[in-house]
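My questions all concern the structure below.
Going in written order, the chains are labelled A, B, C and D, and every chain counts its residues from 1.
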Amino acid sequence: MTRVLLTGFAPFEGESLNPSWQAVRAAAAEPPAGIEASAIELPCVYGASIAVLRAAIEEVRPEIVVCVGQAGGRPDITVERLAVNVDDARIPDASGAEPIDEAIVPGGPAAYFSTLPIKACVAAVRAAGLPASVSNTAGTFVCNHVFYGLAHLIATELPGVRGGFVHVPYTPEQVVDRSQPSLPSEAVTRALHEIALTSARTRTDIRVAGGATH
Amino acid sequence: MTRVLLTGFAPFEGESLNPSWQAVRAAAAEPPAGIEASAIELPCVYGASIAVLRAAIEEVRPEIVVCVGQAGGRPDITVERLAVNVDDARIPDASGAEPIDEAIVPGGPAAYFSTLPIKACVAAVRAAGLPASVSNTAGTFVCNHVFYGLAHLIATELPGVRGGFVHVPYTPEQVVDRSQPSLPSEAVTRALHEIALTSARTRTDIRVAGGATH
Amino acid sequence: MTRVLLTGFAPFEGESLNPSWQAVRAAAAEPPAGIEASAIELPCVYGASIAVLRAAIEEVRPEIVVCVGQAGGRPDITVERLAVNVDDARIPDASGAEPIDEAIVPGGPAAYFSTLPIKACVAAVRAAGLPASVSNTAGTFVCNHVFYGLAHLIATELPGVRGGFVHVPYTPEQVVDRSQPSLPSEAVTRALHEIALTSARTRTDIRVAGGATH
Amino acid sequence: MTRVLLTGFAPFEGESLNPSWQAVRAAAAEPPAGIEASAIELPCVYGASIAVLRAAIEEVRPEIVVCVGQAGGRPDITVERLAVNVDDARIPDASGAEPIDEAIVPGGPAAYFSTLPIKACVAAVRAAGLPASVSNTAGTFVCNHVFYGLAHLIATELPGVRGGFVHVPYTPEQVVDRSQPSLPSEAVTRALHEIALTSARTRTDIRVAGGATH
């Protein structure tokens, strides 16, 4: 058994749901064989989100942490490569905070790579018939904030843990009148199962191209 | 009971499946209460597609005809407003034909409006939690060709029949590595049920805005 | 000399300028050799726009009419193929009118084809180093309204006149902070010169593919 | 006088020109007052591109280095925030190399921030009437490779130099038949002048939001 902690976010920017939490809750409720899954919902708030994540990690003691967030407008499941040490967003977080170009961890490295096998995760999701790709930016809002916080925690205090971030599209319900790409929650749940299983099984990532020219 | 004929297309442009036929077949196999559904697959060929459609209409004697095709790249179910009297495509059809600016029916009107209640259909699909919108162009390839052929048949020979065209997105399986929008076949099947039911029940379309500035 | 009437629109939807009028005014101020050009600005209002167009045509007595409008979000110069007999938009016009699914000309045909050589115009703009394509929908707002009004006037009263519609992108000034495609006004002006010249010279359109699969 | 080194790239991926080199050459040929500009063309080759850049820096001894590359598909001038320590692309470079997930500098930090005032540069380009934004990923191809190489050189050997990377759209000539966004070379040249001037004048970046939710 591999202990996996999955995190999703509370809704933000006027949405009534957040597809990340929907899928995370469902994925943890019926985990695949060999996975012992826990799910927590993080507030869409700088600072507090990392505090809640840290508390959950201390309680659950996971071997793998997969944080999940909504990337409205992206058509596929995107496995993030890099967390960057900056908060800077075009909208306020759920507490009203609007930091500009502030370090998440003052003095911390500019960025951390995901410690999940991102290429293997993408390949597994695709093999399950769902669209996926590597993303080279998780943005500079609370998703990236949590991702950087997790990576810093792993790098400085939890060497045995591996973790990363996955962005998921809108659900169809969110965009019935918006002409935006979407994937049903069931599909995202299946993708998270593939990512959890693949992360549990894969120590060294596979070598397949997954980059971008820009 | 309302007799509804659903049509989908065979795959084209190198795809191994066509989501329109997948969804049409499934929608006809388990139709909603009150609908007697038939499904046929049309060849992706100018001319022959209309001939096969005409033969199916003569056999099935439907009250409503909903032709369905793939619109790769669109994120939602699009109910087409207008069929235009021209064949002109950037790719050959499945028989290799590449007509340029040729009339589908020489001497026919420049265009026909759909005789389905397109706004009511869009509203019904949205109410079912799926993304939908009106489209003002079905292109100038075989989808539009069949749509125009159907509309001309209705206008000139089958005044009691109503019919139109619906474009559907890629399925996730088609775009696992392409970063294109998609909807699972089950979702499209549900949307087709809503469109069949709504078309059966609605004689006069509802008045809600559904246009585009360009 | 060929007499060409160019029309642009007043700004709408909160914009401070309309790139169509900017380019039309400049194109008429220094027309290419062989072209005698007039420019008028049409109000972005259903009904009134056609009335102003009709008055200008009666005064100028053009051989060719090229109406131009803004298509925010499109990256290239698009030469419209088809005007459709319906008003239906997601936003009100400049007078506050919001018609839904109303015929522009009650009893008029569903659509008219452009009587400009659209493929030759696209080819000429491309040969001048600027991006262009055929569009199969001019929308269902005031642009399409004017296009249909012009086409109906030509079909019913002015058989010697040829005319059509061209959509142009935002200018860079309009989208400095919006990550939307744009083309400078000078480039659009050059494109309009090519379209005027090509329309004056070309009676029978060239045969090159320019359609869309959907 | 501030000495500024501008670099552009040779064409790649079958293009006959690279808009970055066009604009860089023009920008250096007639620099704005107060700027002494040099321009070099870098090969689109991992490794060699950094070697050519280093040699040019040693020769020119610039105070500011602005590397420029093509970002086909982006509609605006994008000032890059972050260089990442990885080579991983979907296409081979001009020498045929296709590294996968290889460190640019083994043992180097995961990423470097640009040392240009990126927010001030974006603001200056916008004030000049041209579209611009901050980008949070320069990709993982040769553009990012050069950007990381430059940042590493500055961090480890050239503390007095400041430098960064700017991505520019296609030019209209490149996309006449592709329906992709573009900006004329003259516009990009003006943007590069603004970026050079702003970088020369601005030691501490301005505080304005410029991030992304994902």
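Descriptive notes on the structure:
In the analysis below, contacts are C-beta pairs under 8 Å (C-beta built on N, C-alpha and C of every residue); 3 or more make two chains touch, one makes a residue touch a chain.
Heads up on the chains, UniProt names are A, B, C, D = Pyrrolidone-carboxylate peptidase.
What you see is a predicted model, and the numbers here were worked out from it, not measured in a lab.
Hopping across touching chains, the smallest step count from chain B to chain D is 2. Using the contact threshold fixed earlier, the set of chains in contact with both chain C and chain D is empty. Between the CA-based centres of chain A and chain D the separation comes to 30 Å, rounded to the whole angstrom. Chain A and chain C have Cα centroids lying 47 Å from one another. With each centre defined as the average position of its C-alpha atoms, the distance from chain A to chain B rounds to 38 Å.
Across the assembly, chain C contributes 74 as residues in contact with two or more other chains. If you sketch which chains touch which, the chains form one closed loop in which each chain touches exactly two neighbours. Chain C contributes residues 74-76, 125-126, 129-133, 172-173, 175-184, 187 to its touches with chain D in the complex. For chain C in complex with chain B, the residues that touch the partner chain are 13, 69-72, 74, 81-82, 84, 86-91, 98, 100-101, 109-113, 119, 136-141, 143-144, 167, 205, 207-214.
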